[in-house]
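Written below as structure tokens is the structure these notes are about.
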């Protein structure tokens, strides 16, 4: 029972996650991580003796449901809201948390969730913005003198945000996008798009997508005999991608949070210890490797706990503390929040890796 | 052959048949008369298994068939030509006739084709239209098809619900003579008719229904002679 | 003349369902249309009411050619019908069926219906009263509240007639109205139709019951294989050998 | 350019084979019961997911195929008894809603058992793509076409040449009439769903190697199959196959030559065109006279 | 008119008093969503239940209304009230344009045509680039205001939505109890007979279609102003199916059916979310989905004519009820 843990009044927090529906592959590991974290925290005496009472609600990946869920949670007295898992469902909650003045930490990537910060005082997020990843890729391209690229993206808000970010980033960089193709999350064959890429003379292909379509694309890529470098986004940063691509993934390059290559990063890296303990805890409890989505939830939860410790059960104070976060070492990177930056992650939060015989290999 | 005891049938909460009992002997042609809504169609439908009685018993050849489903009843040798015809309008005339024999053959045998030829002889108007869609036929031709399909099942008990509807006078007479012939081969027939005159000509016995019950029954000669029935059901011309 | 047909023709595939038909219907008269099964009678009704387009020919009502008009326009020109294969509004009550038949006699459109309160609507009340009277005349008033599908077969036919009459048409096309009625009931119906005629409604009557035809019709048109084989008064038709051979049968005695 | 067009054609055929097999299963149930089974996509998915689990036990692929087909066929029959059978006599729309309800529940069940993960299935035959004229053809699509051909032949034989086939058709057009001829509608409906389950699973196991398998992909597959079936005329088995292939090729060429974002739009416009100008489908079905 | 016939309306009026007693934003949001759906489904009910024409594309009109409001206010800075009117009218016009051809189709074919229209519009939302904001959608939609009065709280919005609904219900009540309502029903029953009774079926069907699109658009506009963020995902085919579900669950061709359907579907979802974890500890969304589907199937089996028919159980004495059950078998 929650109350008995520390004998003190529990702190209520809420989470709205995309547990079922289209984005369930995000919401499920997030839920599992949160459940694990709460259990561990409460077992260790909670926040200054106050146990955490976490209510998780499933928005079924639906925006309207998201609004209803966040309102329920606020009604039940949640001090802060974690979630939602994807951009659309997060965006739908913003009006409510802004007008009800409840801090919210989104687990989705789109930078528009926290920008402009003047209209998003209550909204924070833990996933790296696309631009962080894009910059990693751009520098790789420049280093290898690849000036003509093809950009392929999934036709949803993940792909759309990637496209916006890269179009902005390649300006004045001397890199040309010579082919731009999109595909549906449900598509079963991307050969038509790749045929166009093949004809365009691109020197590298960049793909903004998640599995399974990202894996199908990778298979098709190999099948039609394309041999230019294939660069994916962090959206494929899990073992599943490699598994599904059935061998075709070898050679794929991508920027990624450090979680997947925790063993390979240098011991000096401040994140190393945090990463290893998360992996250990998660594998022990669920008998599976954690992925970056779970990592976003880990970060959001701990950021909140940090703020709670300093602020106590007061929404305004929690918000203020979140904004003051400095040097917080998380799974996705080291967070330094400011009033202008409600994400707080920089390029050092990502690394470039390459798939080598079915394993991630750090390449810098 | 067919025995009905104290039958009661409801449509919703309208009682369509109340405490009705009757008996039909083998090889008999029974005509059932009665005003609209008397319950004639309901009676036939109940025997055929389309409606479930709330009371009473239906016994066919000594075996109770009360409440059995139509697909089972027809296998016992009872066939109904329903008043709304219920033909398969998107299938061809030929297929419609074939399906009439479904419970006998289930396979496309030469014997089946012979039977179909026989039916087409009875209804020459259908000849040459075997491959037409049944739904494109005129009302009367559809009626012939429905009767033909009923005959295809070679029933021991044939029930016809107003077979003369929509048929030209010549054809009505033709049908009545077919019924007489059938009867001679030992088929038992229940004929519901509003075309009283024709029906009485061929019937052995007659039954008059009113509000779900039987008001008169007897052989056709007696019934024709009964002046009260004359007035109520036979109209002026007799 | 109320209705004049000439040269009306329609084929289905190879079958000439209706071929070069021409006759006319005088105001307030009954014309019977008879002929063997499949002769094209119903098809002719379908053509007159605009349900099927004719290939050739003209159909003129009150001086206006109605070929090419839609069925509802033809209805508002004053022609309604009953259907051989019943087309009742099954999930509506008997009264509603008749009131729907009276659609043309009221005016409110979609928007006005939305904004007016029906309880205060005089028009609606009037239609209701008239429909009940009509049901009374045809003998269905006790069943007014039943769903049309709950009526026995014979009464469903009567309801079709009532619905066709509800718009006060100049001409009604009746497709076998007496089918499913017993002789006594048929007699009542015949009387009713004759009375209707005296009130000025013209009718075309398809009917296989010769007694009704002979008694009610002013003129008879006989079709066979889509063609008109005879036209005349009941007495003339009765004596026409071709008609007897094709349709009535030798030994038929007509009262 | 020629090579590119050939590649697009091959891709279209691969997609087309997937859509055809699903359209074929949809049309079969529709022909037999008059019910448009929106849970058909779920049968496909569950068949494929079962195959994933069975394969995990080390069974050979042929055994996996058979067991999964049998299990889903049983599931289909079971669901028919539990739902469709109990609702018999209800309107078409109610039946449609029931199948929607079934598809929702089955999706939930799949989520519960197999989770949100994406799985892959091994191809029936070893080896990579077949290269023809510089373009790659996925060998699995040949297997799918074989399945389509076998099913199609079976269905044609059944509906066109057997007494039972006629009886089944008749029961769709007029239920009362059919029962009066001794045709048992309950059995037919039961068998139809058994077949729908079995065929669905067969489709699932064969397309899995190309599409990968997630618990929620049934819905989209169902919709695509539905569109393909409609292009073919909705009640015509041959039409369903042609509709499926057409849809696949159309999608492939429009995303390869025009714009991938508009690919679905183009197939929808084609569908609308077919509906408005040839509502009976590209292969005309018959229309009945009602008056 | 007798009081008895208006019990529903009185109940609705009572609902409007809730704000005086309750103070739960969650409750109001749920009621706002129910109200919006009820508006759409009530219009769809006229089209499906009365005119007998199925539409699997109404999420498109809902979305068109929402996007119209969003685009006009954020891109062109229209006054919100004016944009709200436009959000009803534009879908109406579009329905008018596509309806004439589409409504010639029957049953499943009509369902398919509306479905493909719905998917087309959804693609347009996704592909609209700058205009619609693409898959990421548009944020920054202002609050709805009339003059200086701003609908900035759930409570105010709730009052607005349900007042609109109440007024629409009164109109629809008039409509279905009028000559037009009867004519619509007769189209559903037999188009041949309706035409021969002088009813212009094509026109009337089109009117019903446009009417239902207007209502869906209006609800879409209100939705945009309520959530102040809009993206393509709430307007997909799934939503269209939900609307059809609501109509059928409530009861086709009944006046109260659609409202009941909207209430039941939304409330059921919310309830399951609360109750399922209590019944099955640790249960996630999976169980909710399964149970929801099972309930849906159960409703259709045991109440195939919809929930609004349930009232009859209370009116007919039990004895008669038993007899009613003895229907045609099979």
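Lettered A, B, C, D and E in written order, each chain numbered from 1.
Everything below uses one rule, namely that a contact is a pair of C-beta atoms (placed from the backbone, for glycine too) under 8 Å apart; a residue touches a chain by one contact, two chains touch by 3 or more.
Since we're looking at a predicted model, the values are computed, not measured.
Looking at chain B and chain E, the chains that touch each of them are C, D. Taking the mean Cα position of each chain as its centre, A sits at the greatest distance from chain C. A centroid comparison over C-alpha atoms places A as the chain most distant from chain B.
Work out the mean CA point of chain A and of chain B, and you get 75 Å between them.
Averaged C-alpha coordinates give centres for chain B and chain D that are 43 Å from one another. Distance from the chain D centre to the chain E centre is 31 Å, each centre being the mean of its Cα atoms. The distance from the centre of chain A to the centre of chain D, with each centre set as the mean of the Cα atoms, comes to 36 Å.
Across the assembly, chain E contributes 126, 192, 285-286, 288-289, 328, 330 as residues in contact with two or more other chains.
Residue positions of chain D touching 2 or more other chains: 108, 111, 179, 185, 261, 264, 290-291. With touch defined as above, residues shared between interfaces to two or more other chains in chain B number as follows: 11-12, 49-50, 69-70, 136.
Contact residues of chain B toward chain D in the complex are 48-50, 69-71, 74-75, 79-80, 82, 85-91, 95-96, 98-100, 102-103, 105-108, 133, 135-136, 149, 153.
Only residues 19-22, 24, 28, 31, 57-58, 60-65, 67-69, 71-72, 74-75, 87-88, 91-92, 94-95, 99-100, 110, 112, 119, 155-157, 159-161 of chain A touch chain E when the two sit together in their complex.
The touching residues of chain E, when paired with chain D in their complex, are 54, 101-102, 104-105, 107-109, 112-113, 115-117, 119-120, 123-124, 126-127, 192, 237, 241, 244-245, 248-249, 252, 285-297, 300-301, 304, 328, 330.
Here chain E touches chain C in the complex through residues 1, 171-172, 174-175, 177-183, 185-186, 188-190, 192-201, 204, 207-208, 211, 253, going by the rule given at the top. Interface residues of chain A, counted against chain D in their complex, comprise 20-22, 24-25, 28, 155, 181-184, 186, 188-189, 191-193, 195-196, 198-199, 211-212, 215-216, 223-225, 240, 243-244, 246.
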